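Written out below as structure tokens is the structure these notes cover.
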Amino acid sequence: MTLRVGVIGTGMIGQDHIRRLTQVVSGAQVVAVTDANEMVAKEVASRLPDATVHPSGQHLVADERVDAVVVCSWGPTHEEYVLAAVAAGKPVFCEKPLATTPEACRNIIDAEVAHGSRLVQVGFMRRYDESYRALKDVIDSGQVGAPLIYYSGHRNPSVPEHYTKDMAIVDTAVHDFDVVRWLLGEELAAIRVLAAKPNSLGGDLQDPLLMIIESASGVLVNVETSVNIRYGYDIRGEVIGETGTAALADRGLVVVRSANRVGVEVPEDWRQRFITAYDVEFQEWINAVSRGLGAVGPSAWDGYAAQVVCDAGVNALYSGDRVEIELGTKPALYG
Amino acid sequence: MTLRVGVIGTGMIGQDHIRRLTQVVSGAQVVAVTDANEMVAKEVASRLPDATVHPSGQHLVADERVDAVVVCSWGPTHEEYVLAAVAAGKPVFCEKPLATTPEACRNIIDAEVAHGSRLVQVGFMRRYDESYRALKDVIDSGQVGAPLIYYSGHRNPSVPEHYTKDMAIVDTAVHDFDVVRWLLGEELAAIRVLAAKPNSLGGDLQDPLLMIIESASGVLVNVETSVNIRYGYDIRGEVIGETGTAALADRGLVVVRSANRVGVEVPEDWRQRFITAYDVEFQEWINAVSRGLGAVGPSAWDGYAAQVVCDAGVNALYSGDRVEIELGTKPALYG
Amino acid sequence: MTLRVGVIGTGMIGQDHIRRLTQVVSGAQVVAVTDANEMVAKEVASRLPDATVHPSGQHLVADERVDAVVVCSWGPTHEEYVLAAVAAGKPVFCEKPLATTPEACRNIIDAEVAHGSRLVQVGFMRRYDESYRALKDVIDSGQVGAPLIYYSGHRNPSVPEHYTKDMAIVDTAVHDFDVVRWLLGEELAAIRVLAAKPNSLGGDLQDPLLMIIESASGVLVNVETSVNIRYGYDIRGEVIGETGTAALADRGLVVVRSANRVGVEVPEDWRQRFITAYDVEFQEWINAVSRGLGAVGPSAWDGYAAQVVCDAGVNALYSGDRVEIELGTKPALYG
Amino acid sequence: MTLRVGVIGTGMIGQDHIRRLTQVVSGAQVVAVTDANEMVAKEVASRLPDATVHPSGQHLVADERVDAVVVCSWGPTHEEYVLAAVAAGKPVFCEKPLATTPEACRNIIDAEVAHGSRLVQVGFMRRYDESYRALKDVIDSGQVGAPLIYYSGHRNPSVPEHYTKDMAIVDTAVHDFDVVRWLLGEELAAIRVLAAKPNSLGGDLQDPLLMIIESASGVLVNVETSVNIRYGYDIRGEVIGETGTAALADRGLVVVRSANRVGVEVPEDWRQRFITAYDVEFQEWINAVSRGLGAVGPSAWDGYAAQVVCDAGVNALYSGDRVEIELGTKPALYG
């Protein structure tokens, strides 16, 4: 009844997921870990009741005690570990990105299609956030009519020194790309990227960016990344439909009246905003895998599509052009 | 076509109404002024194109050029000036209070009833505030069902040294008493006054107070006065009906996201909150009087009723008892 | 590592807590059940992997496999089961009420004090609700100054036929009583109960009620119960402090603009509003008990105090008087 | 002291302004009218105390009794009437558009520059709306840092049959163009127009449109026109600054809780939304003109610039290209 999980990558995110698997959600146990830094892996394992430390991801996947695998190692290693899990016929939860190139993602898709059923889930946690889920419910209910425009705002107080302009697309907007595909239930077809007057607090960075995306059916999607905006970590989303609009509400819990202002709090960081979404994401993954379903959440196709949009976005950013998003044929496995 | 107005009392409020009559509203002219301090009256008149300075309110009322009278002198003098205007058959707008005792108010009612039609209007400006009007529309529409409870919050950042505990009732809550009578369309029947743990910022003052009032039909009205609450001048009102509730919305015009907060501004003082209500109050008074209607706004009866509630409230504050509000018979003139 | 729990009472609430213990929270297992209706207990146990059905609560408490007890049987039986658990030195989570009379609660307190450490926790789940916790954080931070007034609104769309006027106090307002004691960090000292004009949708019921409570330090607490208000299940709370106010925010997740309105959803029932609070309540209880702490949440004293306030409230409702709340001495065990 | 105004064009808008001049604002009188339809002009004049009916706008401008002129005739006639007023040295308030082509606007600028001081004001009433003014105050205060992005949403429930796609730019978005120039305090430099998936409720119309505009300093401006969106007349505006954001608040006055929703009203039409802005616009115009200032509000240059942006926008709509906005040199008269 308890799902025995092996975790590849025991850095910050890996440790957080281990905490989640052992102390927050129901029905899981962490029985194996591995990390490029074996010292860290051993230290993490020492705090678990009965976890084996493996020398590599491949060894971990092969461990008979491991029912399912969580991959949160360095991005460029995702492909090989996910492929190993698929080869072993074991369910695998892979943090985003699924892989760092569209081609690598395609390799995973091919392997999964060859396997014949879904085993791979990608960590797009926004789909598990109660606010986004409520927004999707409103859209699907028809309350505001068919979506015609979508505004997505992705705001960070600040970013580290090493943050480059590509990262605004590949690390930041990628979440918007996925959640928009999911909310609209369709693929994205083309992208333009415009740089606004740069925020002087961001040094030389081109920030904010405005990405204008066309969906397959013609919905215009506007993704704004403002990653040095100081005031808070703020995730905005609003659909403009034929008869009304629906937007993510502010989530502050207490209305304070003080010093001639009335209002609520804005989160400081992504953790405060999305921690519950991660919990739900893992609980639902465990539930599905425990019931023998390989994966029901974001698929390898979703991971691939996000990567293709990122590639097109980076291309658009450098060229200044409208760049088409070419996904090729979607295997029947992905519905 | 232009209404010629005489203003009794040219202190701060009088000067503000003169500005309103001459520079803001349409259809009025100030042709006469008087004040206990004749120097002030002369100075004010010197800035008007054609205004006579009178030695007394009685002289001003008798001036043939004066079509209608505005009384904003010291409260204890209101009775005699309003009575003079009624005796002269001239419409009179009297700032609150109509008079300082229920008996004095009754004298005015008797005079007006003897005159046979309405001439007196009392300056309860909240009835002209767009927010309160919208609230009354919602109540009257039946959207929230019959009112059962009403919460009225009256908050000031601070009050001057000379502010006494009676004033929380007589100067502050009197506005709530009137607006509740108007919103509910019925009289108030009994009042209790409870003092909360005192706000340390208010010195020795009993502040805040909670007044629990029963309307004639049994609606419970909760009037809170918090007159040292610092954060702003905030007027709250919420009706609890049989099927829903309706409350005055915050009126901030701009939603600002800054420093981990999102919200709007709260007014600093009554002027910022109600200045437009005064403008509307005067425009409607001028329009009515110009059309030959003596008065259509808050009546002498309303001024009297507010005074009786104040008397009962002060009695309740000192006694700790539930005090009944006895209005006696309402003359047919007041509907 | 896994806490083995026995559940006394497998009715609707008991089954919901069993689901929670087995499918939602981390670290617990249900190993024993019992119910006045043995058929139900057996049916519930049949869906659990390894649960014993006991003929009585006393047998269940005595079961060596049972580390901790959850009591969700009929209210009048709570006392004996909680006493049995305390006698056995086992941690016990008891749904409210702790017991149906102050005297019965005192018996539990005496037993726990004799035991020498806390074992009993009472199911006041509001203390685990993220909104109330955020409100308490704001109060404790001093952002709005010392609390002087607190408004508590408890609104239900409707109540069943058998709902009596006492229940508005004993079943409904009891949650407000507890949460106010916790938010203010002090005891309640006196209560008045006023009935508003009755809601015609509630038949003969005296509804809504307004309860005016004085805390030990003089804070005025206003508890409104409106149990036939149709529009939704709405829990309101607002503290009026010396320098500002803080209120529970509306929790709707999506702002919809449609048909000339903009707004968010209001919950339909308590389940929608508080389900997460129950989850957190149980996770924290399991965590504490697993760490060897008998109980860290709402105590037997809290259960007793709530019961005394309820008694005073019912007395006040029938008498129309201000009734003092007499708690007697608080044992040192309760801090 | 009373400004004597002549009104050219007594259709719906003209009559509304006459009502405003005679019954709402202070300090004006309508002494002359004219209209292409003389019957209408006579009918309107008959309801005024002392107004001359003129056979043409030129005659009206020449009337010695006329101190200042209001032009609200058919758009293509604006140029000649405004030029006539300038030639006569009389202040003139012209409803938008100032003229229907950039060249015609330039003619007016040349005439005014030749005159040597400002006489012309254009009816961009949004600059007088309290919400936009408050937004400008926040921007100018630096609370949210330098503006980098601006979102402007212009939503109508529906448009008449004869509404063409050009009108979304020339009649609808023109207000957004002006108000953005004013809020940012700079000119617009280039425009793209993208058509979203069309709203099926708008028949063959390309609706909604998304216009992406670059300001001279690089601010990205996003103007959305959704003119068949049914839910209400909704004007949205939000500036994204370096450290925060500021947006026009919803203006509903009453928060209603009913039927599982909580929220406020959205206006039904532009009249409900902007009627007060028109009142303020006229009061300020009268005040300025009465003080001998020819005009202090939106200038001929503003009218010209708006027209140039409209031209570029229509060009961009048909071509699909990014079109530059070429204003040429701004005369010193316009600061």
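In this document, chain identifiers A, B, C and D correspond to the written order of the chains, with residue numbering beginning at 1 in each.
By our rule, a residue touches a chain if its C-beta (ideal position, glycine included) is under 8 Å from a C-beta of that chain, and two chains touch if they have at least 3 such contacts.
Just so we're on the same page, UniProt names per chain: A, B, C, D = Inositol 2-dehydrogenase.
Quick caveat, the model's predicted, so the values are computed rather than measured.
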{"item": "Per Cα centroids, the chain farthest from chain A", "value": "B"}
{"item": "Of B-C and A-B, whichever chain pair has more C-beta contact pairs", "value": "B-C"}
{"item": "Centroid distance [mean C-alpha coordinates] between chain D and chain B, Å", "value": "38"}
{"item": "Geometric centre distance via CA averages, chain C-chain B, whole Å", "value": "45"}
{"item": "Chain A and chain B: spacing of chain centres that average the CA atoms, whole Å", "value": "58"}
{"item": "Set of chain C residues in contact with two or more other chains", "value": "144, 230-231, 243-245, 252, 257-259, 264"}
{"item": "Residues of chain C touching chain D in the complex", "value": "230-232, 234, 250, 252, 257-268"}
{"item": "Footprint of chain B on chain C - complex, ascending", "value": "144-146, 148-149, 151, 194, 196-201, 208, 210, 212, 215, 217-220, 222, 224, 226, 228-231, 240-245"}
{"item": "In the complex with chain A, residue positions of chain C that touch it", "value": "1, 22-27, 49, 130-131, 134-135, 137-138, 143-144, 243-249, 251-259, 264, 283"}
